[in-house]
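First the structure, which I've put down as structure tokens, then a few questions once you've had a look.
As written, the chains take the letters A, B, C and D, and residue 1 is the first residue of each chain.
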Amino acid sequence: MNHIGKLFQVNIYGESHGNSVGVLLDGVPAGISLNEEDFALDLARRKSGGLGTTPRVEADEVILESGVFNGYTTGGAILIRFLNTNTRSKDYSKLVSHPRPSHADFVANKKYHGFQDYRGGGFFSGRLTLGIVAAGVVAKKILKGVSFHTEITNLGGSTNKEEFKSLLEQVVNEKDSIGGIVRINAGNVPVGLGEPYFDSLESTISHLLFSVGGVKGVSFGIGFDGANLKGSEFNDCIIDEKGTTRTNHNGGINGGISNGNDLVVNVFVKPTSSIGLPQETFNLKTKRVESLEIEGRHDAAIILRAQVVLEACVAIALADASLISKAYQGENKNE
Amino acid sequence: MNHIGKLFQVNIYGESHGNSVGVLLDGVPAGISLNEEDFALDLARRKSGGLGTTPRVEADEVILESGVFNGYTTGGAILIRFLNTNTRSKDYSKLVSHPRPSHADFVANKKYHGFQDYRGGGFFSGRLTLGIVAAGVVAKKILKGVSFHTEITNLGGSTNKEEFKSLLEQVVNEKDSIGGIVRINAGNVPVGLGEPYFDSLESTISHLLFSVGGVKGVSFGIGFDGANLKGSEFNDCIIDEKGTTRTNHNGGINGGISNGNDLVVNVFVKPTSSIGLPQETFNLKTKRVESLEIEGRHDAAIILRAQVVLEACVAIALADASLISKAYQGENKNE
Amino acid sequence: MNHIGKLFQVNIYGESHGNSVGVLLDGVPAGISLNEEDFALDLARRKSGGLGTTPRVEADEVILESGVFNGYTTGGAILIRFLNTNTRSKDYSKLVSHPRPSHADFVANKKYHGFQDYRGGGFFSGRLTLGIVAAGVVAKKILKGVSFHTEITNLGGSTNKEEFKSLLEQVVNEKDSIGGIVRINAGNVPVGLGEPYFDSLESTISHLLFSVGGVKGVSFGIGFDGANLKGSEFNDCIIDEKGTTRTNHNGGINGGISNGNDLVVNVFVKPTSSIGLPQETFNLKTKRVESLEIEGRHDAAIILRAQVVLEACVAIALADASLISKAYQGENKNE
Amino acid sequence: MNHIGKLFQVNIYGESHGNSVGVLLDGVPAGISLNEEDFALDLARRKSGGLGTTPRVEADEVILESGVFNGYTTGGAILIRFLNTNTRSKDYSKLVSHPRPSHADFVANKKYHGFQDYRGGGFFSGRLTLGIVAAGVVAKKILKGVSFHTEITNLGGSTNKEEFKSLLEQVVNEKDSIGGIVRINAGNVPVGLGEPYFDSLESTISHLLFSVGGVKGVSFGIGFDGANLKGSEFNDCIIDEKGTTRTNHNGGINGGISNGNDLVVNVFVKPTSSIGLPQETFNLKTKRVESLEIEGRHDAAIILRAQVVLEACVAIALADASLISKAYQGENKNE
């Protein structure tokens, strides 16, 4: 469903070619300063225009429709809208009968029985991540103190950042696409966030990350490479009473709960599904596998723009966990 | 929290050294045949006793406490209990002041302010996965028709199954531990399960998987290795009107919705944290890093017993998605 | 919170003097015909302008912002907005220090620590019921077949409809207000809606009704008058195999589940809190009880306009229950 | 469903003739002292045995199955069980074909398609209120400081307490039953509990109350009688800066939020449906309306035992609201 979160609740809405896309936030404490400028930086990080991103550029102006008064949150629901302005009218309906490979076209038609808004991918469009980024901005304000550092650690198989530019140029020229791995590092996360059994931090963070189109893998700390280590090598030795660990193979989480070390999340983003190269796929009308050429403007590496979206997902999960944690503060036997 | 699911709701409870552990299931349709024997097979797969597993063996007898009448579910809440019988009384309290590395000891003490039940890990104990396995058995009954095939594809870095036995022997001898990767394959999943935006199948499946202790990575289809592929290589060509794809790099899910191909989930389980080898970790009493020797009986490779638990997680998520999908069936424009 | 519903989810937003008020609907099945005109009738029933209602008249034009394509719901989230146009700028801030009796002024200031949007009552404004009415229209479409009949059975103490007009005239002249009782009757409700234990139909219906400002009592069937009956008088004798009962003291619900008879709900709406007459209330600045005169345009009997809102609440609860019921359909031992 | 609450979560389970009934509590903060004796007083208030109650007396011994360690809550899920011991085996199946009037027999059979556990009413049995009472005990501990006073203000139409005894004697002799009105008064409720729009205190309290069998009306403060008052009479004048009001027609709640005055809730409990007198009802086998005589032991006035159950419902709603309120505490502009 389009709703997530227990106390910091995020409801996403909109489709690529409707009036607007955006997000309805609920459970934001009153008294947080918030205005349009607060969103500028993160929205800019999501913007297209650079190498490897689509030439379709949208204004992405924030409209704070409700829940903010005199520059502060009121405790009411906050509706944030982004108008859809730069939509190109063309015939998208052929994608219903000739579905793009690795896209939602085929499943959407089955699931929604032909009533889906197929224009520009409908609500499967990457454009809905605008709402995620906006929610992330508010989440970071709730978290205050937590710092985020996000980067691409693998682009199209390469882990050498100096190669990234030439790799992108090559892929753009080939009309192909690449994916890669994003690492999000959150510092100053307090000890104790996360609610076992089912709302471990890994659970709530991955839940949000996997809702973003193109995400196909999530790991924490050393991730899948940890399969090569023995327990004696993997275990993170605690070295002080704050819980600092010598290594951080667990990515800052034990038993589903933040342990005070940096939270480290790795996200695999698959290569953009839409490519300029012709591809084979089944045509439901002719009942044959036929070549399909996807028109229009694409991101050769959507991972570039996805970084801030994935960071926002982590922030949203942490913000919710931090409000819940506050509710349960109580007696302290340790003192 | 200990509650998950929208229509098929799973509530887990218990701790290692309490009366019992188990699960309270809600939203199970009336009229599903259910008795104690239905649980035997999956519980046996979770049992210890073999090479690389702990010698502590529990009876794990199922008690169907409510919600079943004359061999069928009644539509009421189903409480399933497992008595804790084989608990060893020893002094666990030292683990509060000298917390085990990579365990929940340290964070539990911080989060629950000293009131946590630290005996045998309390509710962080692997024993709580009994409830997950039991819930999985009921989930599979709701799903009827979906088939599961689960195996270890990587054990301690090795992908060669013939080596597994000798590897385990070596690790047991060294008093160390290993992890690895489990692959769950679900066949005959109908097209259309999963509820975007936030309840993509990847989201709900990973949410459950990451609630299991030791899980540190989840990926779908080809997983993180897909970073090496270009879009033209990664994309799964659709070859017939049922949506069958030539490759299955997406692991049976597009746009967060099942596409009718095999669902393929990879789960990284870290090496068991408890090892026989002495390890360094901070002693909160002496305020020094000191060697800790963990007494007792351990699983050298908890991944062996985790397989059926992780399979159960996938089944639980699919069962919930399948009930939701049923609710939304309606008009069909395609017909 | 501003979110309700399990499968048919309603999220309300907005405040009296913001850009807009409205509702975000989720979980609406794809393929339901929906356009702006569908809302006209119910919105008209909520409109002001008649005797006993405020002279402030708003256009209340429906904006279907998302989730509808080619006249049908798409399965995506449906955002419905109503612009706030006829807002009068005046100094509302004095109501913070001199709070109106029986209003939310005092508690809002305490709860939101002074950050609440106090203009026109903020999100406590009756204007938010526009979203409820809109949600009700969609709910009725989901329910198809259920018929609603709603009327005032008690106005300011009178149960004689012929007196209502003169009563209203009198109250308007006195600058006072009146309340009363609304009865909602829902016909053709299928047997079996409602989910015990906690989601009895009475529970979910009352939950929604009590969220509407001014509602202070909810009863079913004969209601509180049933205290005068003995069991032998109260019990509704079943007279046929469809479950028709001779009397309907239970209001169509047994054990929290619809029994196929008319659903009968009674709602007490208190007299409008805002009256033209001067009233005493504590002034937080002067620290004295002082007379307060509330300026502006009021509804002498908000109950008149509340009828369709309360009917919408019942429809929303039934729509959600009906989707849930569909999900759990399964085997049938009775056949 | 059998689950309620956002932070203080209550899951009820069991049926009249199963192993046990009880409740699974989640979200209880760690460090609350809790032991079996804490339940004694409230369980005694629910006990039968007195005039107007059933002669079936159960031991109702509390079993704290999990979540409590060394006399304190651990932060884990708390399972509380009550064994079913005093069950009489008799043939209940005839109630399926000859359903009792005003009971759940008919709807249960329709909804659960014949698979319901019909023995002793299954999960519709009043015995499930044991779990509610137990949850209420824990809720009151979370609330600390809030005081409850609960009484019957109307018994079988009479508001004169001195008549109650003779009234009960008469009804018992007649093999009939009576209902009435319970008033719950909660003192020392802090200002600011309740979460508009949908989680007004009236909403969450009524939701819980209406889940209890036999409850058919809920009102706050003066309740339905307020229909006779004009706004100038109904409005509660605030007389000091704490928000104390001269009258309390609103029952301590404005805008869905507690205002610091006594919370006053009135609950109409219908006359017990099971009576000794023969009654007419449809026989689904013979297809005729026929006389039914209900065997066994009944409560002539279940309202007597319901008082503590309804009080528990109010406590549960307040406990949840109080945890939520704590989470949202933040900046304060008023200071």
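By definition in this document, a contact is a pair of C-beta atoms (placed from the backbone, for glycine too) under 8 Å apart; a residue touches a chain by one contact, two chains touch by 3 or more.
Keep in mind that what you see is a predicted model, and the values were worked out from it rather than measured.
Relative to subunit C, the chain whose mean Cα position lies farthest away is B. Here B-C and A-C are compared, and the pair linked by more C-beta contacts is A-C.
If you average the CA atoms of subunit A and of subunit B, the two centres end up 25 Å from each other.
Centre to centre, using the average C-alpha position, subunit B and subunit C are separated by 44 Å.
Rounded to whole angstrom units, the spacing between the C-alpha centres of subunit A and subunit C is 37.
Subunit A has residues 1-3, 6, 12, 27, 30-31, 72, 75, 77, 111, 113-115, 123, 330-333 in contact with two or more other chains. Taken together, the subunit C residues at the contact with subunit D in this complex read 1-4, 6, 10, 12, 99, 101-104, 106-111, 113-115, 123-124, 128, 154, 156-157, 171, 174, 176-181, 191-192, 195-200, 202-204, 206-208, 210-211, 213, 215-224, 226-241, 243, 245, 249-251, 254-259, 266, 268, 270-275, 277, 279-282, 284, 287, 289, 325, 330-335. Subunit B makes touch with subunit D in their complex at residues 1-3, 9, 11-15, 18-22, 24, 26-27, 30-31, 63, 65-67, 69, 72-79, 111-117, 119, 122-123. Across the complex, subunit B is touched by residues 6-7, 27, 29-32, 72, 75, 323-324, 326-333 of subunit C.
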